[in-house]
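Heads up, the next two complexes both have chain A, just with different partners, chain B and then chain C.
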Partner chain A sequence: MLKMVVCIKQVPMVSELPWDPKTGTLKRDLAEGMINPACRAALDAAVRIRESEGGEIVAMTMGPPMAEEVLREAIALGADRGVLLCDRRLAGADTLATSYTLARAIEKVCPDFDLILCGFATSDSETAQVGPQLAGALGIPGVAYVDEIELTGRTVRMQRLADNFLETLEMDLPGLITVTTGVHAPRHVPLGGLQDAFTGAEIETLDAKALDVDPERIGVKGSATRILNVYSPTSDKKNIVLTGTPKRIVERLFERFDDRIGGTIGKDLKSDKKKS
Partner chain B sequence: MDFNPCMKHKVVRKAVRMFAEAELGPIAHDIDRNARFPWEVVEKMQPLHFFGLQCPKAYGGAEMDSISYAITIEEVSRVSAAVGLLLTVHNSVGVYPIVRFGTEEQKSRFLPEMARGDRIGAFCLTEANAGSDAGGVETIALKEGKEYVVNGTKIFVTNGGVCGTALIFAVTDPQNPQKSAGVFIVERDTPGFTIGEIEDLCGMRANPVSSLFLEECRVPEGNLLGRIGDGIRIGLVTLDTGRLGVAAQALGLAQAAFEDSVRYSKERQQFKKPIASFQTIQNYLADMATEIDAARLLLYRACSLKDAGKPFSAEAAMAKLYCSATASRVTNLAVQIHGGYGYSKEYDVERYFRDAKVTEIYEGTSEVQRMVIARAVLAQRT
Partner chain C sequence: MSAQKKRAIWVFGDYRNYFQNRVTLQLLARARDLAGKIDAEVCAVLFGYWSEEWVDDALSQNPTFCGVVGESIAHGADKVYLTDHPRLAAYSMETYALLMERLAKREKPEIILIGATTFGREFAPRVAQRLKTGLTADCIGLEINEEGLLVQTAPSFGGNLVAQIVTPECRPQMATVRPGTFPEIPHDSSRRGEVVRVPLPKDLPEDRVRLVRSERRPQRVTKLEDARVVVCGGRGMGSKKKFAKLFELAELLGGEVGATRPVVYADWTDHETLVGQAGKQVRPQILFSFGISGAIQHTAACNGAKFVIAVNKNPNATMMKLADVAVVADASQFCTALIQGLKRRIR
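And now, the complex of A and B:
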């Protein structure tokens, strides 16, 4: 039976999330969480594969206890079971520590996996690193930014857009794929499935001890990078509205910008003005 | 007493909101303007169990708790109250009476198709001379052999134009309606059953509200829900549940009008300031927020009583009375905050304003809700 693991991340629902204009950062404490859109695409891809090939889907996430929410949602969307990696010692992990932890968890929970699916990137940090790093940590081949997946026996054929070329690649299982959001519209959550996900399904929660991980390689301790600052870029551009009669507007326009307008039309308006 | 939504209810809200914003958001304005029933969205809702929200799993439903149900109706109505109306009527007064009062044979015959949304349900009580007064029903069902021959006209039937299964409230003895009322399950393809013209209404225009005509309509005796004489009781119990749905629908409308008002008042500049900086507008927003919150708590309280198997009739009436009044007041203030633009069909608040009024009328008028509440209050206190 085909065994798939889909790694998902809970990200803030940016559309619902207010910005703090003073600091330029997201007010995360007010954030509603959701499945990262690309992770949802990865889950949808796994469900499509299972529809044609059969198999089992394990949804896995690392996060605070609240992240149980996205696992329940993943079960409603078609995952067979959910695994939550939750421990204070795992907090603050960068992509290196995250991929190390996920690799150990996958070896623990689903050692005979065939295919790992991840979103190509997350909407809250956009590094696109965890998928490829996870393939490295598991010692399996990985292909990133995949749009279409077709499985034949033990071979996956994938299509992706690379520099405006459509690339077709093949990979033998076991392997890892990161999936884009470009091609398939996300499936909606079936409401019956959601009720079942909360009444019938068990979420397996594992802490650092249960994962048997090297404490030096997880969380902040195991991270090779540090985020120093997050801010939204500001721009000092502004709109100017010129008012008055058309003649007056044109005069004002040239008073303020004659050098730039002259540059565009290839004339030195200032010297023209002096001549006349 | 925990006022925080549990994880399940949060996820239900998010899932329905994402569906409604993606699938209904782009068409909500158009289906109202053109009074068009959105079959294309019905097709998308069918596999997601929107037509079997509280129907047991055994018959293909989602078997939701009542708060999840209210949240679902609220979130759909926040985007399109007319589609919210389709769902609340189908689920609470179409499917629910069969779940609650049907025999095993009736349940397995009717529920799977209804829960899939292949047959849309309607509940037909109102007639030219009967509405708040259920005893005034003139539709008559006379027994002939193993059939009832039904004759009469039903008006203002929500989902009428698209219904596949109609629950018809009729009497066998017009002289004694209380003791002879019954509810008959009538399928659209029954000879003698015809659908009248679609009503041209003020709001909820995407819902095909119509008259239904029954002329010598022969209904098998196996389609009688409960027994003859149970009609009034079935009607009352059904309407208690229906009220939760209409309250949720009104709440969704109020929420939408409130959100639009907050956004607009921050954008709209007058006297070189956003109008949200003026105390009058702030007072409006404060009143809206307070009333919506109170309405929501009343509704969820009534839902949790229902799920606990406790009496909830008066509480459902309170929730319906208050949520619908809130919808009317909040949508009215929303138009006021939007000024001239709010009165224009270009802005959604104009639609919310038209849609809100009927929530004070159908599924028991506000006057009838007060009657129900007063009865409970007078029975409890000496």
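And now, the complex of A and C:
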């Protein structure tokens, strides 16, 4: 039986962000969580594969207790099992520590996996690194940024747009694929399934001890990178306000910002050639 | 032994899209600046298979030659590590990552910089994972701080934010960098450099991912993502007909047109122009924003713009607050006035 693991992440819901307009920062603790769009595309790809090939889908996430929600959503969307990796010691992990932890968890929960599917990137940190690093940590082949997947027996054929090339690639299972959001429109969650997932489904929760991980390689401790500071890049704008008739504003714009505008487009805009 | 060795900053030579994207040369230029601050040498690392005329003969010392090796040196490399072999003809993730891992373990560079191309964005994490070191994705700034650490500035969507990240202990410090972030230094054919040929290892395993087919896709000269000027329009333009004026404006400015989601949904323009969470990220020198209120899905996709001119009847719109210049006017009328003004000034 084909065994698939889909790694998903809960991210802040962009349209519902509790935004602090003064500082331009996000109040993350108040943010509403949702399943990362590319992770959802990965889950959808797994469901499609199961439709033709059969098999089992394990949805896995690492996060705080509240991340359980996305696993229930994943079950409603078609996952057979939901596995939550939840432990304070896992918190603050960079992609190196995250991929290590996920790899050990997959080996524990689903040691005979055939295919790992991930979203190509998350909408909050956007590194696109966990998928490729997870393939490395599991010692399996992997392909990132995949738009189309076709499984025949033990061989998976993939198509992707990489830089300027349309590539068709093949690998034998077991393997890892990160998928883009480009191809399949996400399906709607069947309401009945959603209800069942939230009332009936069992979520398996594992902590660092149960995962049997090296404590030096998880969470903040296992992370090679450190964040020095975080700031809002838009806060230093001068925000000059121009009012008046459009014609007058255009003239002032060219007078004051010729260096900027004219310099960028390679034209001198200070003088009105028809006037002079 | 390594105490005597000069520190090094490496740049991975991503020459697959050389004619569209000169990120390797841009990184060599930045590496030169950084190298001055930590007394390091700049090295280009080239894996591939080039026909002879594309690989400079290390012994010929022919200064007029302009292959990938010469190009790297002329743009700032002190040294080039070169593995040239038919097996490297196609960019291959596993093989390239293995070669990079072995070379880095042997030479121990301080820093490795990789262009944030699709290949680079997959290659870099694989190398970092093998070397058990830190990696920052898609940097828009690189500096050396007083402790001699590489400070990597990277945007994070989780709220229009920019993070500064370091790798304090692990080495090398690794970063991928967006094409177009740094200017290249002019080609200087009088520069000299050392070429170190690295043979292909004899025990190189078969790549487990097979490239079945690869077709180069035709592309427009400038893409929205790379455009120096972007003219973005929203619902405030009023109608499909008025929105069309933005294309004329963009042409006058040598730029590209972008759009918000409501406009794309209303079919005023096609999906290719969507700037937002579900569309393209832009980072132009100048962004003109016409009649856009500034939903976070949109603003987060254009916060890399260097200079923003927003036009809106409503001075309190979010986009107006985020702008360098906020023009309080009807977007469509101002667009017309701007087109006329430009036509008068540009012959």
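Here, the second predicted complex is superposed on the first by the 232 of 276 C-alpha atoms of A that agree within 3 Å, B and C clash if a C-alpha of one lies under 4 Å from a C-alpha of the other, contacts with A are read in each partner's own complex, and residues count from 1 in each chain.
Throughout what follows, a residue touches a chain if its C-beta (ideal position, glycine included) is under 8 Å from a C-beta of that chain, and two chains touch if they have at least 3 such contacts.
Source: prediction; values computed, not measured.
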Which superposed partner A:Q195 touches (first chain B, second chain C, both, neither): first
First, second, both or neither for A:T127, with chain B first and chain C second: second
Touch count on chain A, higher of chain B and chain C: C
First, second, both or neither for A:A144, with chain B first and chain C second: second
First (chain B), second (chain C), both or neither touched by A:E69: first
List of chain A residues in touch with chain B within their complex: 13, 32, 34, 68-69, 72-73, 76, 188-192, 194-195, 198
Residue ranges of chain A touching chain C (in the complex, touch as defined): 11-12, 14-15, 17, 19, 21, 24-26, 28, 37, 94-96, 99, 123-130, 132-133, 135-137, 140-145, 157, 160-172, 175, 181, 223-234, 237-247, 249-251, 253-254, 257, 260-261, 264-275
Partner chain A, residues of chain C touching it in the complex: 16-17, 20-21, 93-94, 97, 117-119, 121-122, 124-126, 128-130, 132-138, 151, 155-170, 208-217, 219, 228-229, 253-255, 277-278, 285-286, 295-297, 299-300, 303, 307-309, 315, 318, 320-330, 333-334, 336-338, 340-342, 344-347
Interfacial residue positions of chain B with respect to chain A in the complex: 7-8, 10-12, 14-16, 18-19, 22-23, 44, 47-50, 52-53, 57, 61-65, 68, 72
